[in-house]
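Pasting the structures in now, so scroll down.
Both complexes shown next keep subunit A, but they swap its partner, so subunit B is in the first and subunit C is in the second.
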Partner chain A sequence: MALSKEQARQTRFAYAMLTPGIILLIVFTFIPIVYGLPLAFTNYSAVDTTKWVGLKNFDRAFHDPDFWVSLKNSILYVIVVPVIQFLSILMAVLVNNKLRFVNFFRTAYFIPVVTSMTAAAIAWKWVFEEDGILNYFLEVAGIIDGPISFMSDMNLALYGVMCVTIWKGLGYYMMIYLAGLQSIPSELQEAAKIDGAGRWKVIWHITIPLLMPFVMLCSLLSVMGAIRVFDEIFVMHGPKGDPASATLTTSVYTYKISFQDYNFGYGAAVGLVVSLLIMVFTILLFRYTRRGGMNYYE
Partner chain B sequence: MNSNSTSISVQSRVSTHRSYKKTRSWKKVMASILLYILLVIAALFCLGPFLWLLSTAFKTGENVYAFPPQFIPHPITFKNFIDVFDIMPLWKYIYNTVYMTGLGVGLNLLLCTITAYPLARIQFPGRNFIFYAIVSTMVLPNAAGMIVNFIIIQKLNLYNTMLGVVLPSAISVFNIFLLRQAFITIPNDMEHSARIDGAREFRIFFSIMLPMIRPAVATVVIFDFMAFWNSLIWPVIVFDDQDKYPLAPALQYLQGTLAYNFPYIAAGTIISIIPMIIIFLILQKQFINGMVGAVKM
Partner chain C sequence: MSKRYRSFALLLAMVMLISLIAACGSGSSSDKNNTAQTPGTTTETTNTNTDTAKKEEPKQEPVELKFWTISLSPNFDDYINGRIKKFEDENPGITVKWTDLPYGSMENKLLTSIAGGKSPDVVNLNTGMTMTLAGKNALVDLNKEATEEQRSIYFPDLYNSTKLGESVYAFPWYYGLSVFAYNKKIYEEAGLDPNKPPTTYEEMKQQAIIIKEKTGKYGFVPTYNPPADFYFLGVPIISEDKKTIIVDTPEALEWAKWNKDLYDQGIVPKDSLSADANYATDKYQAGKIASLTTGAQFLSRVKTNAKDVYDNTLIAKMPTLKPGGNVQAGLMNVVVPTMSTHHKEAILFANFITNDESQLEFCKIVNILPSTKKAAADPFFTQAGTDPESQAKVITAQMASMGKDFSLGVKNEGDVLDPLWKGWKEMLNGKVTPEEMLKKAQAEMQKKLDEINASE
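Presenting the complex of A and B:
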């Protein structure tokens, strides 16, 4: 069927509009997706001539202690997810009250979300100083005797970074949960109260189940964020994940391999593992929460 | 605020029993005091690190490590904010950040709207294929995206250039998706009446359709403004010269070399976040609705 003159004109117009965007998408989105996979099976780097090396990069990762440390740290990092959910739900419940100035507090909680992670990490590094304010508070409260080195203690450094990640995300997740709380029709809660349900019963049997889709969404977002964590570690502990790889996560390690050692093939291989890890966690999360509450909405 | 005060007055009128009302209102006052205490604690936690940084930035050298720490600096000095411009090329960094953010947001606005529009409003062969190809990139894993983009930037001779920083994120699939959804919801009548008036395709797009999707455009601008202004690692990778750095990479680089003189870093960091905070305070509704709404699509 031949196109009418009008249709031909419209098609020309459409493609003229699409062309610049499509070219950029092909160069910077499609090619990386397609080319990134085979790259993981080559030795592409700043020094060698590029050739196909099969599974050698993965074998190398398998015998690379830093890779295992980074993998362990990345998986450990997922413990920020439940903490974020718990605290941000609490904050959402707090700001869901009809109080004077409540909008001021909502705004205040959201400020860390919009500021740069660089600024946040610099501020937190200063809080964590050995003669810094956190140690002062802890000493005054009598919790510790001498200063703790949150930055250079191998066992604490990663948890310090987690604090920053949690702190930076709270306001954002709080807002999603607030939207969730406000989407629950108040008639449901009223009806339960009339039926004689106490406050906790209402929360347990009505609010929490109806909030589950939001918990699911926020958990998913924060799992992906946790496994990809980069900026806060880079600013606070550098590309090597100091001290002694204690804060080295897979994203940071991928960066170090690729852009410090210029070992692109190996970097792509480690990057692939990160992607697989995110996929595994996503699937687990979907499976796990499906039982919880998704079906309430279906 | 308004509906709030009326609901309270209605409630107090309803509860007529005197003593009942008294204990109840006392309980209510206690409950709201407790709520405010919790709200303030959470606010101190959320703003504390920045407030402490702000306090440090206003301190004179000998008070920075004072023990016990000074919460409110005494004496207050603006010297750090003035000297920091001599210590580091801060104006240059600010210029670089504004340039990068402006270019990034501008290109996104142009490219994403002209890509989304035909996918939403024009019937043409290949439309569905193109749309699904674009959307598929949202779910396909992009494991080595940064590495391949770096290789491409080098091959295009864009290493150590601003264009090399901005081009890979000059168009975003997420934005295209968001804008396409917005274009689709515009009723057909608008387009028809414009066509009857003799408007050509580009005019319909630019003068009729684009103004109709202002909320979606605002969301795109806010997202990209934040992403570019706060971006850290990609500029670090692409730029070889430190004086081409925008604020975030520059501060992360300098905090290592200037660690002995932290108040300067504190002042520089405060300066770097102020524009973002001001814009957020002015447009907070758009920010929050945009960021929360976007995940619910």
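Presenting the complex of A and C:
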């Protein structure tokens, strides 16, 4: 089909607009990925001579207890996904109402998203400290007798970090869901109401199914985010995922072996394994959440 | 397309482009490092490594040495620039270009520069970083390339801190010894005599129990460093031939139990387990903890941040683990990367900046101790004022002969010590008993050591 002059001009313009982003992606993402692949098969350390080691790095990973611990923690971390999705849908439904000051609430919920993770993580560290605000409230409320060390207890540390991730991510997903909610034709909901459906029934049978494509997108994004979680752990628990690897996730471990031990080859191998893992998760998610949106009713 | 729409889109694209660039620039290392993608960028540059390294400049041409230090600017600009000028005057034809980096970014910056073939010539590193890089063959062996005259000015214990096999990879520079700073007011509140600070760890524990009971505050924050503590307690950790790990000893067990008891009873903060370097200082200057073991040079931080606490601060010698034992000296070193193209000149300057004259002058402007024999003997170190900082100087100088920087003297030392660190935290968390911890740590450390020895 031949494009009209105007269409051709628009297409050219669109490509021109896309170019800067694409260039940056190529330079900072695609090229490094391509370079990173062969690295996984070497002993590259940036300073010493580089040798080809075949599959040795992968073999090492499978026999490395720290790798398994980090993998376990990363997979465990995925439990933030349902929590984050549920809460952000709830928030989106709330701020989708015609409340007074609704713009204020929308903005307030979005503030954590634009806050620097480093600053947020440090602030949360204070919250979790022994003489921090959380322990203070719990003690005042009479829930606990002595302070709990949310930072040093190996059983709690990872969950503490999850709170930060959830707090930080809520607003972002809320915005996506809000856009989703506003794209749902109101006739459907009104029709259901006329037919006698209650508030929850409308949400459950109309809103959620129609929101499914958004749920799918958000779940996918947050699963990937959860498996790759790095910043909050690095700031709160350092590059070793302290205490005693309790918060060591694969990304933190990759950082540690690459930039602390200078085993970039091994780091690349671990990174590759994690990428494959994310891929599997993505495929699974795609497979089981395909239904939804308008085709729910087809 | 309407003109308005188009200009809006254009503006939007510009904003996105700028924010992307900005994001990359500030690109907190975390952004870039959290997947395996990044090392690729460094590979690209390694290929050019060898080419640049081979371009040795002819000797008679002027030489420019790149000198990197850790966190010395802007406080010591005059001192460093003054020394550089003196060196340049004495050695015509050599110029020194000084760059100062924050502590946290030194390691990565150095690594990328070496990988990029633009290595600095003289670099200031701590012992840990020196050992890691030495293990990767990135540093010049000073036992081979420096002269006997250059090597002989340092205290042998300190010079040998960076020994790996028969090689030594750094000239020791300055170091700080910790002192015991304590809050007179809290001691008085607890009914303790402020003129009787603890001299041993056991006394420190007993005082902490009283302080906790009377004031509800903590007596001290333990700075867990199991390898160094074991070493100074007389646990061998590694055999002479560097083949066997020995950590499961009665002394080690006693120390582990002592710490576990302290932790379980809540005499020390539970957060001490996850505390970073600033934790104890922050709590001390907030008046929440009665004492602080810190490098004398860091007391000025308390002075700036909490004048009232500083005014109530008294200084004493560090309580020792065992009577007359050694104490940990956090040493700063100066190294020459192998990738430098001017080894001889670089070693000359590294030796100059750490010689008696340079170090003595440095010690006079900041509370640190010299690593050279002559400088340490200067009367300056026995003259005291009355303020906490100046008392700290004299006290640390008295302890100087006890100073030693712990290192295993094997490649990938961090890997070998890791199980001990981890086991220690698991033990305090109640996951393993002290006995199990030592047994497990010894076995795992041995396994790592065997791997390292086998790979050579």
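We take it that the second predicted complex is superposed on the first by the 257 of 298 C-alpha atoms of A that agree within 3 Å, B and C clash if a C-alpha of one lies under 4 Å from a C-alpha of the other, contacts with A are read in each partner's own complex, and residues count from 1 in each chain.
Heads up, the rule we're going with is that a residue touches a chain if its C-beta (ideal position, glycine included) is under 8 Å from a C-beta of that chain, and two chains touch if they have at least 3 such contacts.
Not measured: the values here are computed from a predicted model.
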item: Which of subunit B and subunit C A:Ala179 touches, first, second, both or neither; value: first
item: Subunit B versus subunit C as contact partner of A:Tyr109, first or second or both or neither; value: first
item: Touching partner for A:Leu55 - first (subunit B), second (subunit C), both, neither; value: neither
item: Which superposed partner A:Leu284 touches (first subunit B, second subunit C, both, neither); value: neither
item: Subunit B versus subunit C as contact partner of A:Val274, first or second or both or neither; value: both
item: Subunit A residues touched - subunit C or subunit B, whichever exceeds; value: B
item: Subunit B versus subunit C as contact partner of A:Leu39, first or second or both or neither; value: both
item: A:Ile133 touches, of subunit B and subunit C: first, second, both or neither?; value: first
item: Which of subunit B and subunit C A:Lys98 touches, first, second, both or neither; value: first
item: Which of subunit B and subunit C A:Ile79 touches, first, second, both or neither; value: neither
item: Common interface positions of subunit A, toward subunit B and toward subunit C; value: 10, 13, 17, 20-21, 24, 28-29, 31-33, 35-36, 39-40, 44, 118, 131, 230-231, 234, 238, 255, 258-259, 264, 267-268, 271-272, 274-275
item: Residues of subunit A that touch subunit B when the two form their complex; value: 7, 9-11, 13-15, 17-18, 20-22, 24-25, 27-33, 35-37, 39-40, 44, 91, 94-95, 97-100, 102, 105-127, 131, 133, 136, 167, 170-172, 175-176, 179, 217, 221, 230-231, 234-235, 238, 255, 258-259, 264, 267-268, 271-272, 274-276, 278-279
item: Complex interface listing, subunit B residues touching subunit A; value: 1, 4, 7, 32, 35-36, 38-39, 42-43, 45-50, 52-53, 56, 65, 67-69, 111-112, 114-115, 117-119, 122-125, 127, 130, 133-134, 137, 140-152, 167-171, 173, 176, 201-202, 205, 226, 229-230, 232-233, 237, 247-249, 251-252, 255-256, 262, 265-266, 269, 272-273, 276-277, 280-281, 284, 287-288, 291-292, 295-296
item: Residues on subunit A engaged by subunit C in the complex (per definition of touch); value: 10, 13, 17, 20-21, 24, 28-29, 31-36, 39-40, 44-48, 50, 118, 129-131, 146-147, 149, 151-154, 157, 228, 230-231, 234, 237-238, 240, 242-245, 251, 254-255, 258-262, 264, 267-272, 274-275
item: Residues of subunit C touching subunit A in the complex; value: 1, 6, 9-10, 13, 16-17, 20-21, 24, 28-30, 33-44, 46, 107-108, 111-112, 114-115, 132-133, 136-138, 266, 269-274, 276, 288, 339, 412, 414-415, 421-426, 428-429, 431
